[in-house]
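Shown below is the structure under consideration.
Naming follows writing order (A, B, C and D), and every chain is counted from residue 1.
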Amino acid sequence: MTLTVGVDIGGTKIAAGVVGEGGQVLARSRTRSPATDPPEIVRTIGELVRGLVAGLPEGSEVEAVGASAAGFVDKQRSTLVFAPNLAWRDEPLRDHLERELDLPVVIENDANAAAWGEFRFGAGEDVDNLLMLTIGTGVGGGVVLDGELGRGGFGMGGEVGHITMVPDGVPCGCGNLGCLESYGSGSALVRTTREHAATDPGAAALLEQAGGDVEKITGPMVTAAAAAGDAFATARVVELGEWIGRGVATLTAVLDPNVVVIGGGVSEAGDLLLDPIRDSFARHVTGRGHRPLAEVRGALLGNAGGIVGVADLARRR
Amino acid sequence: MTLTVGVDIGGTKIAAGVVGEGGQVLARSRTRSPATDPPEIVRTIGELVRGLVAGLPEGSEVEAVGASAAGFVDKQRSTLVFAPNLAWRDEPLRDHLERELDLPVVIENDANAAAWGEFRFGAGEDVDNLLMLTIGTGVGGGVVLDGELGRGGFGMGGEVGHITMVPDGVPCGCGNLGCLESYGSGSALVRTTREHAATDPGAAALLEQAGGDVEKITGPMVTAAAAAGDAFATARVVELGEWIGRGVATLTAVLDPNVVVIGGGVSEAGDLLLDPIRDSFARHVTGRGHRPLAEVRGALLGNAGGIVGVADLARRR
Amino acid sequence: MTLTVGVDIGGTKIAAGVVGEGGQVLARSRTRSPATDPPEIVRTIGELVRGLVAGLPEGSEVEAVGASAAGFVDKQRSTLVFAPNLAWRDEPLRDHLERELDLPVVIENDANAAAWGEFRFGAGEDVDNLLMLTIGTGVGGGVVLDGELGRGGFGMGGEVGHITMVPDGVPCGCGNLGCLESYGSGSALVRTTREHAATDPGAAALLEQAGGDVEKITGPMVTAAAAAGDAFATARVVELGEWIGRGVATLTAVLDPNVVVIGGGVSEAGDLLLDPIRDSFARHVTGRGHRPLAEVRGALLGNAGGIVGVADLARRR
Amino acid sequence: MTLTVGVDIGGTKIAAGVVGEGGQVLARSRTRSPATDPPEIVRTIGELVRGLVAGLPEGSEVEAVGASAAGFVDKQRSTLVFAPNLAWRDEPLRDHLERELDLPVVIENDANAAAWGEFRFGAGEDVDNLLMLTIGTGVGGGVVLDGELGRGGFGMGGEVGHITMVPDGVPCGCGNLGCLESYGSGSALVRTTREHAATDPGAAALLEQAGGDVEKITGPMVTAAAAAGDAFATARVVELGEWIGRGVATLTAVLDPNVVVIGGGVSEAGDLLLDPIRDSFARHVTGRGHRPLAEVRGALLGNAGGIVGVADLARRR
């Protein structure tokens, strides 16, 4: 059996895993990310991967490595064109890693990698067309069309968090106004919860948990309170789902996926979030009543999805 | 040389053409459309195609037929699921045409067919990833990704005119509020021009052409006046382009095309319309300054694009 | 005791009442409206008023007449500048009525008259600053500031239904896009209910009442179903209240009323509508948490409010 | 001749002036503001006013003092309920100042005071109904209706900068989303100019003035560049005026003023800003074509308007 390694380069940590042909993770490891120092990151990945390989049973062979990061990756999957969290520009990451590892390397956007992971081995295993949204601090995502990862003409497609939802709307980190990320992300959940909590008496219980300080309310606090039946917190999660469902409706007009997979930290809220997404999607999609609707499902691979996905992409390089 | 035939089934007429491998149209014909009577349409297409074939030089052989119509076509490209202009529902058009013509038949959405035509033989011949918007009464469109037509998981993708631009915005024929079609179509151009003309003294010249009746202002009147330098009409075309450019920006976040092709009747305004689209697109796309931008080009094949495209799809069936 | 008469000129009927100093209606009468024929309307009002006066107890004296209609009334309260339902333009109604009736006459916008009625004898009797919204086919309204009716510099103020809620939003009968009337009126309630009913299975019960035809759903049907506990209908009324509450919040930034009175046919839904208005208002008003909030109350005078109000304005002429 | 004193309490300075019956400023003085220390502010105002009075010609008599500040003032014009810049809550400023000065005192919101100044002695001297917008860092304003200052039922009316322009729009300092202040203020001008300058090559000249750093672009830089004919800067000022004009249109639906006065620092751009406001207002007001339109004029009193206004309000206490 041939193996590949997937590496997820984040702003605070780097995680790696050895992945089999069926998507199984045979070994995992992680370390702190020397985020803003590309040569140091390359060395760190070298150590991480060599450590993992050294621990494999005799006879195991790693044939390629996939590495993912948040940012724009070029069409050749070799250069990280722009990675805001890592402060990188036009970094020829593939060449550097291939030299360090002496193995073939493929670079991919992290949300694309996660979408591919869910498509191959997770919530979208049974279909050919999949849309994934990763609801974390921001809104990432990926698109699989007729079994191929939709990377776009310059490699920068699938930025589903940056479709415009509201003209002249809430500013987004990307420089635009009114992106889906401004309304459908974990950050948006926190922002709107704090806004409401400042004046809504119904927020009392949640506010108490935050020590009476609206600025100390966090996303996990809101979803946990919603899961425990708090009406105020539930209303905030429903609002979040309403926005995401509107985004899914617009994306469906273009992509018409068979399945929509919702991942990322906020998606751990499960049906509390998924049901409002389904409801909003069904109310806003064009041609409703005259078309089959994609199923909206929770992601299955959790935060291993990116590693599994990029390892599989390395195998298919 | 093998030939295929493309057929464009419209609400008022049916057009057909014999198309060579290189996209050249060898013969064309058209007739009135018995729009709401599917069996009669099948017979009419039969006559039209047989007439064209009969006129071909000896030794010519037609190997397949492609037929396109506005509406949802299923993933198997055999059934017209929903065609508002033709009042059809779940019509197994491929089977009926194959029986009538005794040739293999492929069904495709008309805007997809036009996009494919431009991709293969027109304004997008040089790239692998293309987005086409057809600006007519409505806004149609099609998507080519890595050389494949993006049809979606159920065959209903590429409805780029029905992304939501304005939440709770101007009602669209599709039943949603605020679609791109509500702001970026020829109908929207006429609607906003009439609205402004009712109270804007600058509309005097245009209004005179319409016999003093705002309700008699037409789209071609507006684009012709703009082409002749009329400031009021130009402002309306610029507004239209502003909206289309915003739509292209959102679509680019997802699709990242190499080229955006603008077709349809309104696109005959040329750079009068394309320049505002380019300008608005560049101002609204996510990641601007950090990414290559798709070129925005006018369509090259005019209204033959659909016939050429669907004929080529029949060849590649 | 001196009496005045109030006349309400509508598109389908004309109603009149004799009103005492305390706002009590001593006698009422109504007749069909010869809407588009101003001289005939003047004669009809003449008959109506003389009939009422003839029936009064001996010794009663009518000192003045107030007449209200939907439309713009000039600052001198004498001319109906523009009345869309009556197809009138610049009609010197006061002069014509004074000649017909041989009594002093005051003309007022109908929604202003209703607001004045509620201010003097109804839901706003206890305060000096009142905002009234009349939720009927459209959204009318009136403003009382420090005990004076806010008529504006040209007599056309108080058109609270035509503040813009959504830029480039749903077209309004006034020619603008996105007015409060487009979202907060009885017509909007019907429009959105029909839209949803077309595809929402939850609408089954309501749809059955309408004989299975979404186009036969009416406003009273929706509010009655909501009153009976139908979840789908309730959701529509809540949405309506959400929009009205947002409108009240914007109006409060400018006017800061002590009381907001909600009248008009749709307001008969009572707290079903008022509670969502209160909730939305409290969530959207600027400076919330740092200011006293106006109470939101239902109107008390029903459709007599306009007659009572305009009769009182005639008394204070 | 009796005199009154107007005091303008700002976050960085306190200015005062002795004002005659005709609005003439006879003497002025200013000092640094001990902003967050109310007792110290009261003492500082005491010194400032006594100093001014001491310098008046013999026989002059000051009969009352008006003091204005940004914030909510209660209906009795005695308490500063909430003043964000001064960090005051429920401060009984009138009582403290009367004790300090031994003169009758009136407290007023600063934008209301400026509106009253323009109404009595400035750009609105000839009319009874006036709307003023003060375009500075934020958007303030005031309303005069039939010759009376519109203070609302709780004293907090006239907050014209906090009408909602865009649902779910750009966050405002007041806690709401999408206020006029978010789009029509000097801060908005700077924000949008910086956004555009980051990617628009047309911004080169302006950017050079800012030393190549978009974050160093200021409002006066933009209006000066626009005045000098810079196309990029002009476009930004036009956009600002477009938003303000939309706001004026919504406010006119409610208030129907005879004159709209535009003041504040940004209004020094004159017709560069006023013309786009006029144009946008005329295109967006309800009932256009059927109503007289308010004239849009620049303020005449500059930053003395507040002092003159509040001094006059003290006279009419």
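Of note:
The rule we apply is simple: contacts are C-beta pairs under 8 Å (C-beta built on N, C-alpha and C of every residue); 3 or more make two chains touch, one makes a residue touch a chain.
Here the structure is a predicted model, which is why all the values come from computation and not from measurement.
Both copies, subunit A and subunit B, contribute mostly matching positions to the interface they share, with over half of the numbers common to the two.
Seen from the C-alpha centroid of subunit A, the farthest chain centroid is that of C. Of the two interfaces, A-D and C-D, the higher number of touching C-beta pairs belongs to C-D.
Between the Cα centres of subunit A and subunit D there is a gap of 47 Å.
Taking each chain's centre as the mean of its C-alpha atoms, subunit A lies 34 Å from subunit B.
Measuring from the averaged C-alpha position of subunit C to that of subunit D gives a distance of 34 Å. In subunit A, the residues that reach two or more other chains under the touch definition are 166-168, 175, 198-199, 288.
Chain contact topology: the protein chains form a complete graph, every chain touching every other one. Considering their complex, residues 72, 81-82, 127-130, 143, 145-146, 148, 150-160, 162-167, 172, 174-176, 179, 246, 249-251, 253-259, 284, 286-288, 290-292, 294 of subunit D touch subunit C.
Touching subunit A in their complex are the following residues of subunit C: 167-168, 196, 198-200, 282-283, 288-289. Residues 166-171, 175, 177-178, 183, 195, 198-199 of subunit B touch subunit C in their complex.
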